[in-house]
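What follows is a pair of complexes built around subunit A, which joins subunit B in one and subunit C in the other.
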Partner chain A sequence: MNYALLAPEILLTILALVVILLGLLVSDRSKNVLGYLSAAGLIASLVYIIGTKGEGSLFYNAIVVDPLSQIFKLIFIIVSLLAVIASISYFKDNRNQDEYYALLLLATVGMMVVASANDLIALFVGFELASMSTYVLAGFEKKNPASLEAGLKYFIIGSLSSALMLFGMSLVYGITGSTNIPAIVEYFRINPTAAITTLNVIALIFLVAGFAFKMALVPFHMWAPDTYEGSPTVVSALLAAGSKKMGFVAAFRVLVLALVAIRIDVQMAFAILAVITMTYGNIVAISQRSIKRMLAYSSIAQAGYISLAFVVTTQLSISGGILLALGHALMKGGAFIAVAVVGYMVLSDNKNARNTDDLENFAGLGKRAPITAFSLFIFFLALAGIPPSAGFIGKFVLFYSVTVEAVRQASTWLLLVVIIAILNSALSIYYYARVIRYMYVLPPTGEKIKEPAPYVIAIVLAVIGTIGIGLYPEPFIRWAMDAARVLGVS
Partner chain B sequence: MSLYTYLLIAAIMFTVGAYGIITQRSGIKILMCIELMLNSANLNLVAFSSFNNNSTGQVFALFSIAIAAAEAAIGFAILVALFRVRDTINLDNINILRW
Partner chain C sequence: MFGDYAALIVLLPVLAFVLTLFLGKKLYSGGALLPIAAIAGSFIISFGTFLEIYPDKTIQQSLSWFAGMNIGILIDPLAVVMLMMVSFVSLLIHIYAVGYMAHDPAKPRYFAETSLFTAAMLGVILSDNILQFFIAWELVGLCSYLLIGFWYHKPSAAAAAKKAFLVTRVGDVLFLAGIVLLYFNMSEVVSSRAFSLEPGSFILQFKSMFAAIPHIPPGQLTLITLLFFGGAVGKSGQFPLHGWLPDAMEGPTTVSALIHAATMVTAGVYLVARTFPMFVAAPNSLLVVAYIGGFTALFAATMGLVMNDIKRVLAYSTVSQLGYMMLGLGAAGMAIGAGAVGISMFHLISHAFFKALMFLCAGSVIHAVGTNDIREMGGLFGKMKITAITMIIAALALAGIGIPLVNFGIPFSIGTSGFFSKDAIIEGAFAYGEQTGDLIPYVFAILAALLTSIYIFRLWFMTFTGTPRSERHAHESPNVMTRPLIILAVFALFFGYTQSGFYGYVDKNFELMGVEMAVHEGEAVPPSIIIVFMPVIVGVLGFLISYYIYYQRKLDVSKFITSENPVYKLLINRYYEPKLASDIIGVKLTHNVVAQSGEFVDRKIIDGLIIDNIIGRTAFKLGEVMRRLQTGVVQNYAAVIILGIGLLVILLMLGGV
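Now for the complex of A and B:
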């Protein structure tokens, strides 16, 4: 077996254990170093994944390394790198930093295992590794009731979703007699009549529900706003930008393969789910005063756009979904980190401030923290889908692919879905523009602050990524197309 | 007993657990209901494995038992931390976050 394929996972696991061990040995004050160590490990993994285009399978075909797994690993590592860099400032001088970084690295490893999983057992174990680490991360500020509440809500809903998923997996195993995803697909290809039984439909519903909880699709979204609002802001960035994509890669691997194999007509069901999700997310986002909550609803809306990929399941639509997932990871991660800077700014004015992400605190941000304000401006435009940005490229490929399919099938309602999605994009500009108005038009409420260097580095990296993919999308589109080809869609 | 008896018991356990999560307000009871749901899936796996003469299901069940134990530990840890701050684990009182 070629363990070199799994070098990033192995490196990050060892690093997580080393970080915990060092946390026991060094003094509380020198724990700040652990953040730099974690960042270095993540950068090494990132370079390895971009540099080597390895392919292969390990552990009796339970883990595969292919373009699909690699592009999602890229997303997870980028998000976790941004979160770690920002945490160097956010958790500065916190005496539990060692546990924080170790959990963050383990969460990343869990997400990477899900990206590579080719077997339901590996998928479940990876899911749980990532989920359990993030339950603790969400409740990490253990003196802060809001953070603990966020952790508890996330834990209850998260374990409910894993129970649903496990139950669905047990039924799939019962029907097909295997947990290996290609073997399951093969079984349905050989026995097409076995595909459309009641038990099968129940299994499919359980699996979709389990994944949809992680993707935060309506009606499985109710945990997301609470959790993103209450968690430490850098953890919200990890959850919204990383953990959510884990649901998508699992859904791509299991659902798309299964749907292509069993040919059940669920196009309509996914279209309804996607349209409700994007509309609900955008409409509720308008009325939010808390920016973290607004970003949470906007990421529900983005999940709605990405799930358009399941509606048509063509190569183009799936690569559009992957591109939007990549873009969303950068934009949303960057936006949450920018909100963390505002929190830092408000707390340095007044140590006991509450609701640091309130809209009022963004007044005059353009004068008080110019780099943060300008980056947030770019992230918002990118989230709304304005070129040249990663958000535009993703949305363009996705909407274009659905239009192509609508024309091919001569189907009016598919065209209607695209129109609703575009109108939704326009609607989202309204609530982003409101924050931009607060930042640049209203007068500042305090002095200009010095933005801490780690935050600035994280935000600037996210801006470079967002604009870079927008200006030079070709290699990413090609990578995403390769990734979609793995799923055997045409 | 036939396979369907086991599947029926598992389905009943699953429903009881889901019902409990929706109706119960105590954090501990909710954790118990989550365990019930996970174990119903384990029962399914073991039953299928035994009736299909295929050991993969039992391996899966072992993995999921270990994961359920870790999950319970994390749940209790969060509840203890919450109890220290708020002096309650009744979910009706845990409502700072809402729109």
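Now for the complex of A and C:
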């Protein structure tokens, strides 16, 4: 077996263990170095994934390495890297940094395993590895009740969803006698009569419920705002921008293959789910005062857009979904880190400040923290889908693919779905523009601060990625198209 | 070797823009050295590339961008001569600006913007497809807005910037419409399989466009080229969109030299030259180009006669000379086909040298006396020798003074660069007249040549001779300003001698792209001796008239220069163009009628009624209600998940399982 294909996972696992061990050896004060070490490991993995276009399968076809897995690993590593760089500032004085970085790396490995999983068991193991780690990360500020609450809620709902998903998987195993995804598809291909049964539908629904929890689709989303708001902001970035995408890659692999195999007409069901999710996310985001909560709802809305990919399941729509997932990782990760800078700013004004992400604290940010404010401005425009940005490219390909399919099927309601999605994009500008107004129009409430270098590096990297993909999307579109081709859709 | 790094020609000034913008404050002279170094780099690469590809190679690099579009570089003879000229002139102007802008506090912004501007212009030249061309073209427009309004605290500068932006925008919209129409036709042609793209080429690349010309319906082609020409009219200040250019003199003089002499305004001419095979295939458009160009040449020259602001005279002169270039493309294009590109481009480049020189001389004068008004100058010759001499060289070049010795059997003629370049255009217009019997463009050209000579020597005599008419102590400008003048003066004097080599090189341009252009029958008959001498005769005549009036002061023109005289009134009021454009079209029609009623609909009906009352309140209320669903109680969350599963079951059952 060619273990070199899994070099990034192996590297990061070893690194996580090394970080824990080193944590015992170095003094509390110099634990910062562990952050740099983790960042270096993530950069190495990133370079490896971009540089080597390996393909193959391992462990009796339970793990595959293909364009789909690699582009999602790229997403996960980018988000982790942004989070780690920002954490160097965020957790500067925390004594438990060793555990933090180790958990973060393990969560990343878990997500990467999900991206590569070609077997329901491997998928579940990856899910749990990532989930267990992030439960702890969400509650990492153990002196902060909000953080504890976030972790606990996340854990309870997460466990419920894991149970549902596991139940769905066991049904699939019962029907087909296999947990290997290609084998499942093959079974349905050979026994077409077995394909359309109520039991299949039930199994499918439980799987959808499990994935939808991760994707935070309405109505499986309710944990997300509470968790994102309460978690340490850098962890919110990881959850919203990274671990959420785990649900998408799993759904792409399992659902798309299963849908191709069992040919149930789920178009309408997914369309309704997608439309409800984006509309709900945008509307509730309007009335939020907490920016982290606003970003959480905006994430929900974005998940709604991405799940349009399931509605038509063409190669173009799935590559659009992947592109938006990639763009969202950068924009949302960057936005949360920018909010972390605001938190830093507010706390340096007043040590006992609460609700550091309140809208009022963004007043005059353009003067107080110019780089952060400008970057946040870019992220918001990108999230609203304004070119040239990764957000625009993703939405464009996605909406375009649905339109093409609507025209092909001569389907009015599918066209209506696109129109609702575009109107939703317009609606979202309202709450983004409100923050921009606070940042640039209202007078500052304090002195200009010196933005800590790690934050600035993370934010600027995210800006470069967001704009870079918008300016030169071709290689990413091609990668996403290759990734979608893996799923055997046309 | 240089060709491989051609992308750096654009990227270096872009980099200089970013660095100067952010770090300029901390660097010497507002960071002027960064753009200077970057543009020097662009020039070196351009020149090296020229040496590499001369005489018959081209460089093409292309990357797939998205949706069948590409980003790419095309360096052919046409592009490389422009690249060398723009980077060279821009370099000199940047050096000059170190002295000229020495006392301005906003230097970093100035140098950042001029650097970006140069990058955008170089981007226009390098583009291998019309879409990228348009993007860079728009960037040029944006930079010109920023630079014309550089002193934005002056209301007249802010207004001029706005006018320039809006008026050129009219052209840009036409240009964009042309691109859309072209794209539409191209995809028709490709999908009908009448024509297929070469492997590795893209739909809006120039070479694909040219290859598809025979398959595009002639009516469409005429419309596309006219729309393109609309863009060129805006950018190159042709009638009727010429009004912004003289107003644009509100910017620093170096900006005028950069934008309104050497680079931006020539972009329009370059556009027509770049897409010339399409124009040749649409002769009606070519006729429009010839007439608009010829008319503009004369029209602008009449206004140049009466202006008192030194920069405005030069501005009208620029408009007029751009008219000549268009005339060269149009009339000579109809007469001799592809060769017109060489003729017109040669004038473009020689004009860039002597017009940049004139603006820099004017800057030197303004720097010395602190006014733009030539009525307050006079007698500067003794005080500013270098400026005065270089200025007269530029004036001689503009007036096209020289002796066409070739016609007496001598192997070369003697003359300034303008003599070689302008005469070729006038002869081209004559050749067209001879072939078709339509001598109107030729008459435009020859009359304009007479007026050109009069106004430019009027300017020179009033500025540098006679007695000083104000109390200012003028002095020669520092070396950093005069050296660029001398270098440009050398080019204004001697550039003309490259004529035959230039034609030979640029004429091959479209051949190298594999474009076959219908070459018209009847190679220009050697014109009679009187025609050959005509431009020089009117040039000298103009000089004598000015000499008589403004140097010897034998003729008192003051009785003509009164508001009683309707002709003078018409000219000094610029044919009422500012009134028409700004007051009637701009303020009364667009602002008062269209914009106000739009605002009413937007504020009262859309915002007031629909957004605020219907959508806004509903969305807000819904948001409030839904927010309350978020109880914070984790049991409820779990219950909702179970509900969601129920919902899915219902949805899927409805789906027909």
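Criterion: the second predicted complex is superposed on the first by the 490 of 490 C-alpha atoms of A that agree within 3 Å, B and C clash if a C-alpha of one lies under 4 Å from a C-alpha of the other, contacts with A are read in each partner's own complex, and residues count from 1 in each chain.
Keep this in mind: a contact is a pair of C-beta atoms (placed from the backbone, for glycine too) under 8 Å apart; a residue touches a chain by one contact, two chains touch by 3 or more.
This one's a predicted model, so the numbers in the text were calculated from it and none came from an experiment.
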Partner chain in contact with A:174 - subunit B first, subunit C second, else both or neither: first
Subunit B versus subunit C as contact partner of A:120, first or second or both or neither: first
Partner chain(s) touched by A:198 [first = subunit B, second = subunit C, both, neither]: second
Partner chain in contact with A:357 - subunit B first, subunit C second, else both or neither: neither
Touched partner set for A:226, first subunit B, second subunit C, both or neither: both
First, second, both or neither for A:283, with subunit B first and subunit C second: second
Which superposed partner A:135 touches (first subunit B, second subunit C, both, neither): first
Touching partner for A:153 - first (subunit B), second (subunit C), both, neither: both
On subunit A, the residue positions that both subunit B and subunit C contact, one per complex: 152-153, 156, 160, 164, 225-226, 284, 287-288
Interface residues, subunit A side, partner subunit C - complex: 152-153, 156-157, 160-161, 164, 196, 198, 201-202, 204-206, 208-209, 212-213, 218-220, 222-223, 225-226, 264-269, 272-273, 280, 283-288, 393, 427, 472-474, 477
Subunit A residues touching subunit B - in the complex, by the definition given at the top: 120-121, 124-125, 128, 132, 135-136, 139, 142-146, 148-153, 155-156, 159-160, 162-164, 166-167, 169-171, 173-174, 177-179, 225-226, 229-230, 284, 287-288, 293
Residue ranges of subunit B in contact with subunit A within the complex: 7, 10, 14, 17-18, 21, 27, 30, 34, 37-38, 40-42, 44-45, 47-48, 52, 54, 56-57, 59-60, 63-64, 67, 70-71, 74-75, 77-79, 81-82, 84-86, 94-99
Interfacial residue positions of subunit C with respect to subunit A in the complex: 63-66, 71, 619-620, 622-624, 626-627, 630, 632, 634, 636-638, 640-641, 643-645, 647-649, 651-657
